[in-house]
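Common to both upcoming complexes is chain A, partnered first by chain B, then by chain C.
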Partner chain A sequence: MEIIEKIKTNKSIDNLTEIQKICLNKLQSSPLPNPKSEQWRLSNKSKFSNFLNYSVNEKDPIFDIPFPKTSQSTIRLVIGDNCQTNFIEENFSIKQISEDKLVKYIKEQISYFDQNENWSDLLNLSLNCTKNILGLKINGSEIPPIEIFSHASSNSLNAKTLVIFLEKNCDIDLLQVNLGKDNSSLSQSTFLCLEENSSINHGVVSYGENKSNLLNSLNVIQQNNSEYNLGSLHFKFNYARFEIRIKQSKGNAKTNIKGMQITKKDEQISTFTKIDFHGPNGFLDQINKSLADDKSHAIFEGSIIVPKIAQKTDASQLSRNLLLSNLAQIDTKPQLEIIADDVKCKHGATISQLNEEELFYMRTRGITLTEASKLQLSSYFQEIISFIPVSQDRWDLLDKLLNEN
Partner chain B sequence: MVNENLVKDVVKEPYKYGFVTDIETEKIAKGLNEDIVRLISQKKEEPKFLLDFRLKAFKKWQKMKEPDWAALGYKKIDYQDIIYYSAPKQKEKISSLDEVDPKLLETFDKLGIPLTEQKKLTNVAVDAVFDSVSIATTFREELAEHGVIFCSISEAVKNHSDLIEKYLGTVVPASDNYFAALNSAVFSDGSFVYIPKGVTCPMDLSSYFRINSGDSGQFERTLIIAEESSSVSYLEGCTAPMFDTNTLHAAVVELIALDDASIKYSTVQNWYAGDEEGIGGIFNFVTKRGKCLGKRSKISWSQVETGSAITWKYPSCLLLGEESVGEFYSVALTNNLQQADTGTKMIHIGPKTKSTIVSKGISAGKSINSYRGLVKMGTKATGSRNYSQCDSMLIGDQASANTFPYIKSQQPNSEIEHEASTCRISEDQLFYLQSRGIEFEEAVSMMVSGFCRDVFNQLPMEFAAEADKLLALKLEGSVG
Partner chain C sequence: MKESDPILEVENLSASTDNLPILKGVSLTVYPGEIHAIMGRNGCGKSTLSKIIAGHPSYNITNGDIKFLGENINSLEPEDRAQSGIFLGFQYPIEIPGVSNLEFLRVSTNARRKFLNKEELDTFDFEELVKEKLEIVKMDHAFLSRSVNQGFSGGEKKRNEILQMALLEPKIAILDETDSGLDIDALRIVASGIKKISNAQTGIILITHYQRLLDEIKPNYVHVMSDGQIIKTGDSNLALKLEEKGYEWTDNFIKET
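Let's turn to the complex of A and B:
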């Protein structure tokens, strides 16, 4: 693995940023995550090493997407060279975070990192030069929806980082799109900090191509009375990991998550979530759906941590899975770790195939089996897709999914 | 706050089985090596195949590492500081119960175990295991009339060595895990049950395990074989004296059910749990597994876990036979500094297999109570179903309740459902019951018992009553 070799020897190279140096230092002692640890146990080893096989591309790939063009009503940003932040700074209350502040914040985050759990972030930050880190400070509530793109180029590994501070009383819709290319790897790390009374509708859509790989990690810190709504969709990646870590730092915050991953062929897509309640009166409603077809493998692991301080927490987590083929497999592990006693916590998990009775009913009404399956799938998808902001009017995600299934 | 201290007081009942029987015992030297394994085998006059089995297991154990994935923290066990064989001294061969040391009989009497056959009314046959050896088995003749074999495993090795050779280690192989390998190398005694074809065992069978010495570990092994169309209900109870050292208990239980056979295995585990500061108590590392080999066979585990400082136990079912059924009903109560990591594994291999898991965890004091379970649907398990339900009850804000369900499916034509919830004894409920003239402690006990009802309903009658009482006693003083 070329990258790991590079990490091991990179110390001698000059002009590394301070953050790169810190992360490389951390990685040098154990450059790879422990394959026996809970977070990496099920990860397909050959696919993972394939992810690391591409060399790092610091040049900016050509931005060419299958999705709609910019419109007047949304702000579009592409992480990398072409990022036109000047224009936004002039027109909206969005500021780019100064490099000093960005470095200070990221350094603070790194100090909390766990080598295994945050391995994806460490890798991302150690590969990333400054131009691929976008830091924004957003203020006010009259802000149009924002679309932020991260994209990879064929035969290389691209690393992109996004840091967003949402100031007090701010309210935004944000859609993040990760685009994979043929034979490519994309490492995307996102850090969101929601200040008091702020609220964000966050969508994450990761759309790959043939043999594209993705390591996507999302770190969210929520202050008092903030509301975080996340709708996510991952599909068409040969290998993808989506790691979500949310910390309600003082409690009294609301988190809603609706996520979905769709695997076909011999793909492996996994979602790991860790929700940490660090104060009382926290709320969580989470649903994660997986659909596995052909020879693919879908994984979900979600943990909810409720320490003593987090009294009156109300958390629920549901993992719903559809297994559509004899050769596909699904692993799911929703878990609760609770110490506070005055809490309402529950989780559930189901694995099944399409409901036969419902299919039969539709067929007796003259709907063909293919159409009936499509109808069922569309209702299965719709719950998640309708939760992804911005996409609804402009992006026909549902059609895309249905046509491919 | 409603009577916080009062509820805490409800859980503080002293351990009443903590006495030591002063009896002369025969012990071998501390430590574990190949010679000790040979010595144990020699003392038990075992055939060669069993010695080989032990030596092979010992070699494997030496290469293995103690597992550390469970949510348990305990001081390192020094395996060389344990006596691996300890037996009460008595005449070489006992022809009837009258020849058993009266002190031993007295011990079991104190524990409420009907060893003397005057207590026939209870209609339960008992095999009593004291430290490393089985001292008595009751009702043998009556059982023999039906062709049922119920004896200690050492006797079975002598009298039914063909069955032992055929089945021992087929469900839990010696290399299965660290503690199973240790047990396979040094197991001293345990029970053996064989139910012939078409026989419904005329009475409940029961084993009672008692650890008496503080420095010897207990490593018993149980093997139950139910032939075609037979059925049996087996009960298991455990107690130990109070010592301020930790005693190791590493048992292996293997169940085999052939076509249409059914085995019901119930446990009330009440090993000494250590004191309030967490000093002493049994380290309980148990491997229990059943193999539903035959078509329509059924294995049902029910357990009430209240004792032990550390519990590491996952009674599981391998569902191989078509339409076989696995069940797991569990109540695990932890208090003070107890730690329990317990659950089950349901491995669906054959088609149309079904499993049900109902687990209730109650954590009080500063204890840690985790449910860890695996449900796996193999590629051939078409039309299989699983339903799991894990509920936790938290008493006080220092105890922790964890749920770790691992679910894996490779068969689209199967269904898995899992749900888990957490609750506590609410002030409203307590207030309501108290306003109806029910005393506080009784109210707590009622609510705990209601919480556990789904499991208690599965226990044999007398066990259910005992379990209910046991929980009430254990919880005395801890709700708040």
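Let's turn to the complex of A and C:
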């Protein structure tokens, strides 16, 4: 109940919005997630309570984006920054969704929420006033790449919400960057709606600093013939959860997911995915990689749900994990729930260490152990990094990662 | 009496892995310009000997010494051995998905060049060098853009090993069953590549089961290994006898001292 009181009595929140009231009301019945539930049982309790410990901060200090914008055509937005969000060009338009429509949409989403499964979203929406909710409606063609930043401030709990409607026949490259600060907690909820024949190459890159925490929830609804490609990367968080919920609402849609989480020291980072097929001929190809070092803990739990209506579904979910230390821990659980009888679904998980024979082979060619490990990690990262829509000249993510590790 | 100093001296070498003795007193000396063949049944310790000379961390030397150019290298790291000129051609070359063959070859070549106080090569200069070396093993340039050994046929992997040998210009090359899995044409290409790379200053150890490689590259010495020891040494005729009589013929040999 503490968190509810904290929100209600927070001085930085002027007036509670209708959405906040609804969510707070829902949280009253379950103020904290059920620690025995599948989604939360492995969550580190002290780290999670540390997430909630910071004071709620609605008013952000000035934010400096950590890397330069090199291409003029890229559209760059910072949630909560009052930046220009309306772009109307000959071929395309990106417009801010009106408050009425946004509230209506979010209320509808809340009505489908499962109290425990969507706890992160309920928290996010109960924390968030209108200023930190960015709603965009995108249509047209030849849309330039979009970058959207969410950030936390030191010693604060910040919440940011992003809602995007991608209209029919639209293709976009969207990079979402979530940045943690020293001793901070960031709650990020994203809602994407892909209309017919639309497609998103979506990159989610989240990284923190010392003692950063993150609750990152992503909700995607795909209509017929839409294609959703997600490349994600989470690293340098004391505690982070990435929850992905994708619903192919009428089937006949394609989803490709390549995600990775990297943990060191005593960090805990987890990824939960739920892919729901609500029609026939759905397609999913998912790979999730974890790399755990020192005394850290990485978790992956994935579920693929194929009801009777989802005949001819073709889904694959693979969890590949690398343990770099004897004290690190990896939990992985890919799952299938299949009712339909004419489907092709597979799942699997592997946990291994750096391949010693590969390392020896490289060393017999004069490559040092450090360099050989770097080459091996680079190959491990490459599959995921190459799927994230980030141009190399703008941000050399691979170098950043290799230097970090 | 040899005119020059030996490249490699293995002296009474014993080694084990997981407390299981594999080598039980192997001695072998290779002088510049010499080609040695090591033959023997599967599991007799041939590959282990090659790995230990290259510095595989899974094996412990329990007795004896390995000297390279007069220096004891028992405790030298594999990369230091490679940089100083020891090359191991693998029986089963390792696939490294995601690591570009070209980049791998360039990093390896530069590590060796650095040791030799030669200028390191940038991507463009290296492309020139590798183009020339590809000719030796008749490999297509397209192999360079693929991941190291990934999706290569058995023959292509072995040719890639010889390409690496050509780029690294080792003082001594230990080629572990380089002939296995090769068809007749590929065997000739690989053998001719080895001959082109070797010279009067280098030494070669060929580990093989078959005479067909030794028809292409005539060894100065043939050693027969059994149960972690070299039990007989002879000239190239020894390999012909083995081909004719099989390893059973060697069963009654007593270790030659």
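The rule is simple: the second predicted complex is superposed on the first by the 378 of 405 C-alpha atoms of A that agree within 3 Å, B and C clash if a C-alpha of one lies under 4 Å from a C-alpha of the other, contacts with A are read in each partner's own complex, and residues count from 1 in each chain.
Note that a contact is a pair of C-beta atoms (placed from the backbone, for glycine too) under 8 Å apart; a residue touches a chain by one contact, two chains touch by 3 or more.
Predicted model, so just to flag it, every value in this text is computed and none were measured.
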Contacts of A:Ser29 with chain B and chain C, given as first, second, both or neither: neither
First (chain B), second (chain C), both or neither touched by A:Asn15: neither
Touched partner set for A:Ser378, first chain B, second chain C, both or neither: second
First, second, both or neither for A:Ser111, with chain B first and chain C second: neither
Contacts of A:Glu357 with chain B and chain C, given as first, second, both or neither: second
Greater residue coverage of chain A in the superposed arrangement, chain B or chain C: B
Partner chain(s) touched by A:Val343 [first = chain B, second = chain C, both, neither]: first
Which of chain B and chain C A:Ile367 touches, first, second, both or neither: second
Residue ranges of chain A touching chain B (in the complex, touch as defined): 308, 311, 321, 323-353
Touching residues on chain C, where the partner in the complex is chain A: 54-58, 77-79, 81-83, 87-88, 90, 93-94, 96-99, 104, 107-108, 111-112, 115, 147, 164, 168
Complex contacts: residues of chain B adjacent to chain A: 377, 379, 392, 394-424
Partner chain C, residues of chain A touching it in the complex: 356-358, 360-369, 371-372, 375-376, 378-380, 382-383
